[in-house]
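Chain lettering (A, B, C and D) follows the sequence in which the chains are written, and residue indices restart at 1 in each chain.
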Amino acid sequence: MKKLMRWLMALAVAMVAFVGVAASPVHAADDSLAKIKAKGTLVMGTSPDYAPYEFLVNKNGKNQVVGIDVEIAKKIASDIGVKLVVKQMDFDSLLVGLETHKVDMVLSAMTPTSERKQSVDFSQIYYTASQDIIVNKADAKVYKNAESFVGKKVGAQTGSMQADLVKDKMTDSKLLGLTKVTDLILALKSHKVEGVVAEHPVAQAYVDHDKQLAIVKSGWTLDPESNGQAIGFAKGSDSLVAAANKSINEIKKQGLIKSYTKTAGDYMTKNTADTSMFHYWKFFAKGIEYTLLITAVSVVFGVLIGTLMALMRLGKNKVLHTIAVAYIEFVRGTPLMIQVMFVYFGIGLFVDVPALTAGIIAVSLNSAAYVAEIIRSGIDSIPTGQTEAARSLGLSTRQTMTSVVLPQAIRNIWPALGNEFISLIKESSIVSIIGVTDLIYQLKVVQTATYKGVAPIFVAMVIYFVLTFTLSKILGHFERKMQHD
Amino acid sequence: MKKLMRWLMALAVAMVAFVGVAASPVHAADDSLAKIKAKGTLVMGTSPDYAPYEFLVNKNGKNQVVGIDVEIAKKIASDIGVKLVVKQMDFDSLLVGLETHKVDMVLSAMTPTSERKQSVDFSQIYYTASQDIIVNKADAKVYKNAESFVGKKVGAQTGSMQADLVKDKMTDSKLLGLTKVTDLILALKSHKVEGVVAEHPVAQAYVDHDKQLAIVKSGWTLDPESNGQAIGFAKGSDSLVAAANKSINEIKKQGLIKSYTKTAGDYMTKNTADTSMFHYWKFFAKGIEYTLLITAVSVVFGVLIGTLMALMRLGKNKVLHTIAVAYIEFVRGTPLMIQVMFVYFGIGLFVDVPALTAGIIAVSLNSAAYVAEIIRSGIDSIPTGQTEAARSLGLSTRQTMTSVVLPQAIRNIWPALGNEFISLIKESSIVSIIGVTDLIYQLKVVQTATYKGVAPIFVAMVIYFVLTFTLSKILGHFERKMQHD
Amino acid sequence: MTKPLIQINHLVKKFGDNVVLNDITETINQGDVIVVIGASGGGKSTFLRSLNLLNQPTSGEIEFEGTNLVGLSEKELDKVREKMGMVFQQFNLFPNMTVLENIKLAPMKVKNQDDAAATKKAHELLTQVGLDDKADAYPTSLSGGQMQRVAIARALAMEPDVMLFDEPTSALDPEMVGEVLKVMQDLAKSGMTMVIVTHEMGFAREAADQVWFMDQGVIAEKGEPEQIFTAPKHDRTKDFLSKVLAQ
Amino acid sequence: MTKPLIQINHLVKKFGDNVVLNDITETINQGDVIVVIGASGGGKSTFLRSLNLLNQPTSGEIEFEGTNLVGLSEKELDKVREKMGMVFQQFNLFPNMTVLENIKLAPMKVKNQDDAAATKKAHELLTQVGLDDKADAYPTSLSGGQMQRVAIARALAMEPDVMLFDEPTSALDPEMVGEVLKVMQDLAKSGMTMVIVTHEMGFAREAADQVWFMDQGVIAEKGEPEQIFTAPKHDRTKDFLSKVLAQ
């Protein structure tokens, strides 16, 4: 998708430039470099989802952008004598960011297409990637180069330059296009394709972190102009571009890219090497935090609303009783998933509610119905003899409820409430569909970050089990303790 | 996304044409029209997700492609004297379909960009859409044209031509870009934006089917060449293009587009008018069918595997017992959502399993753990006195189990199994995340088809409730009947 | 001493179509000890529970100390039930309170006695039923006989004008029946008005002023215990007694 | 008639640290009718259930017709249990079968009798307990006394050599106790060896050859009923009997 957005943006920008009615105001004199020096910071815009050029690592609990492009930007900043500031944005907001002067330059593995050139000034090309083919290690000897794949299926990202290259240069191979590289790697491993075409550093990243994979060089020589990467600047920033080009020249002369690649590789290794899943514990921890947060908050609200519903259902007021019964039956008769959607989109019609809030509201409302039934059956489980004994002593209905029935009912309710809490830990996973960063959502993040499809699922599954299992043991402990009192 | 894909494809095709090593073989003589006449069919390729140009309607339970483009194609086919065949494909496969001669022509609201022209022959332009702005009906009088939106927020699809137009022509308005038009409409209704820019027929479609909306003309005059739509043909199909142009001329002369638009509108009305949700009952019916299918199959397998697990857990073999306990506890301790993902992606590593199968497997395996506990507690609920009485009569362990305990246990198990079935109807909704066309999935389809966000959710919610409610009543009936026996 | 305390007029109780009490008119005088006997399902419990309106009669009147209870609001009934102690087959002690708390609950909540007074009274009553050493025990740690004696003390704490007993010894192990009957006997001697449903014929013979034989929703026969046990008139009474006394 | 049918040697049963049966050595002869009495929790049920190994003894021997049952496999025990009928306090009829099916189940499954023979025998036994008209009824439609009589017939259908009764009348309404005791009395007269745990002292007096008083896991005292009831030696026996017979 990333690639796609790039092409699109290129064209969009080109169009804007072409149709261009109110063209960008003419710059008086080029004070771009001077301005940077004056404010003391150089702001780089990038979309950090394209390792090893730019990607996120978790440093002391905080996400940080690293990669080859960042190293280059650092060099430029230090050459100018200012501090580098990295701003994350979507790839398709980058050029807009330049135009609106939110960022001073854009480094995001961007190819300087002629369309882009119409709205943006580019530095010289600082890197030209070759195209590789990822194969299963077992087959590494069978394939020499792109020509060895005659009659085989080959995978590439849908809409990517690689897909075009396959169509164009590997006419005797069949193309399988999938949107995500991770899916392509899964397809490769299950031999749905025999090779996956990818840019060299991307291929290298996968091969470095999966011992079952190997690289085969494509053997294509490609036009560097349509294949290289350059730094984008706002139109007319000639002095700044010149400064950047000077730094790039030095980088090239000193062969610094290699060391930058190594630095990036080290980050990736730290990120994803052998203890890979463990290394991502902070991601999972955040997921656990949200999952438990949603669960805990929902349980609290669920208990409050649920108690209200239970009292309405048990009470004598016909209208309130009917409302409570209808609510409880309806909520218990429909899937939580649809309730989450209903709350998110339904409330969204009237007020702008964040996904987390919507998720908590939906889970709370859902839980309330189950809690109401727990409370009701807790009260029902107290033998009528207890009520009769209390009433025949002269206690009023209310006194009977508060002094005799409820204190005993709470003992019965407690374990069931505990189970409800545990089951909410599992159920709350559904809020991930509206984008709440719970454990399931985080596992998807780790999937993309580690190039692994199944391992993060498994880890999250184990985490869920450990959560529910320990919690049920803890609750069981308290339960036993309470019964001994 | 659609738009985006178009731009991308344009560029991709352009690139292929440009880099073009093995250029398309030179056509001998142009026999394209003759060939069509010979085979008697004209195959039109289209991506039917762009009402009113091309979209799906449900006719007698089958999906059928209709719309303005289809009417035009029909006219061309009948003018040539052949039958029209409509082939659905993804928008980005259309031009490939032309090149590989899977289709004879492409009508899919396609703009004849210069990039596309390099690989495809186009007919003359048959339709040029104007740009409209959708507003809330209450505000219809406030806004005259695009210029009335100074200082206001305006929405457009991310990456679309409309977004570029806003940036370009409505410089004093703030742009909110969202990927889906339905989301934009929701944003409009909740006054997050004051207007949504869309192509006229699209805007018309929304306004026709939502009484709270109104249209304001943008008042822009746009270059028809960069804005019109034409029919694509394989390069060199001159005779066929000529035939098409003849038909288009006639269509223009007779003003047929108007009547085609009306026909399309009628289909859309039939599709989405006042009884709209009811009109989509076949979509929901299909969802119900799949939901019940998944549930029923899963219950059957769940009972089989669950019985096995229960027997293993109750049996004396320590190893089997431990396996069963571990399995049951683990499955009950993790969310179904993650189990579905695990099965789908995990099994996907080894064999290519369709989503439906993966969903059924996951739900079955999940259900098995719960069924095992139901069976076990059904057996446990038989008073030990029954076993003791049987044993003291000389019955063996096995005879006691089969003649005395199990027949009684089944009576206790039956209602709990019924509840499991009901709860699976709800739980199975989770398989929608891997793309199984269950009720939840279908509701999303209806959402896109009807331009309505919340109504389909609500309908599906009610359907779920009716399903679970009636089923629990039916089961309750049988239960009572059984107890009277 | 023969002042009518409870006057029952044309008492009828139906559960759906099932007529459980069929037009009963009886008088219970101050100080009477009435033992109600009869086969299972005859309506004994229903009759007893009608007296303090735990069961709402279908028709008829229950006059207690001059007021007709049928038709009173629940709030008014609360005042009346204070004066009618009830002891159940299943004891119905509150398991989450100690013996002392069980006894003090109603006096403090209903009569607003202060803690000291209620505690003092409770200890007196526990001494009376021979269980003062169990004051701080929880019900689950007591034997059935002890639980039932606590239940009696709890009812007495409200200083009721009449005590209703519904098979107070049926749930007890045989060796514990005696200790409960002893407490009841003492109570009878102290002049308490009592209505007792029981199968303990020996007790009925010794303690009852009157024995009522209840059958199919009516008081089929009543009289002094001597007369009922030695010379029952009604066939059903004869049949029932022959079965129960055979053992 | 005094051939030893069951010989119990040093029988010990512990539940965890709780010694419930403490080194019991006794003999039960062919034709004996033994009534076991004693306070609740004394180990009576545990003792009875040890005889047919429903409870596995902790140590000691149970010799039945010359074979030591302790240590036999479950399969071998099945053969033995056929010959030891057992009747429970809670009847334990199979609720999903008719009365006839309840009785026929074991003869057909265990002894492989054909349906006709089993049915004939079942009707004979039902006539014997006075319930032939209830052959096709389901247990839930019977009264407690009827259920217990069916349970006795069911045990007799296996033609056992000894019948074990664990408080067979404790769960019954008083007016139904008689009909069950009558059936047991007839059985005793017919020469069946019987071990009966009961609180029905009248029955013990009339039907028992021997009364065993069980207390804290041992047979504290035993003897002819006359001797036990009129002149108990042991303090505990006296205490127990005084409580139980007081009523």
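As a working rule, a residue touches a chain if its C-beta (ideal position, glycine included) is under 8 Å from a C-beta of that chain, and two chains touch if they have at least 3 such contacts.
The UniProt protein names, listed by chain, are C, D = ABC-type polar amino acid transport system, ATPase component.
Please read all numbers here as calculations on a predicted model, not as lab measurements.
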Hopping only between chains that touch, the fewest steps from chain C to chain D number 1
Could you split the other chains into touching-connected groups, assuming chain A is not there? one piece
Chains most often in contact, by C-beta pairs: A-B
Please tell me the distance, in whole Å, between the geometric centres of chain A and chain D computed from their C-alpha atoms. 72
For chain A paired with chain B, centre-to-centre distance based on mean C-alpha positions, whole Å: 23
If you look at chain B, which of its residues touch at least two other chains? none
Between the chains shown, work out who touches whom and classify the graph as line, ring, star, complete or other. ring
One finds touching chains in the pairs A-B, A-C, B-D, C-D
What residues on chain B touch chain D, complex-wise? 383, 385-386, 388-397, 399, 403-404, 407-408, 411
Residue numbers on chain B that touch chain A, as the complex places them: 4-5, 7-12, 15-16, 19-22, 92, 158-159, 161, 163-164, 167-169, 171, 186, 189-190, 192, 226, 329-330, 332-339, 341-342, 345-346, 348-352, 426-427, 429-430, 432-433, 440, 443, 453-454, 457-458, 460-461, 464-465, 468-469, 472
Parts of chain D lying in touch with chain B, wherever the complex brings them together: 52, 54, 74-75, 78-79, 81-82, 84-86, 88, 90, 92-96, 105-106, 109-110, 151, 154-155, 158
Hey, which residues of chain D end up touching chain C in the complex? 39-40, 173-179, 181, 199-200, 202-203, 240, 243-244, 246-247
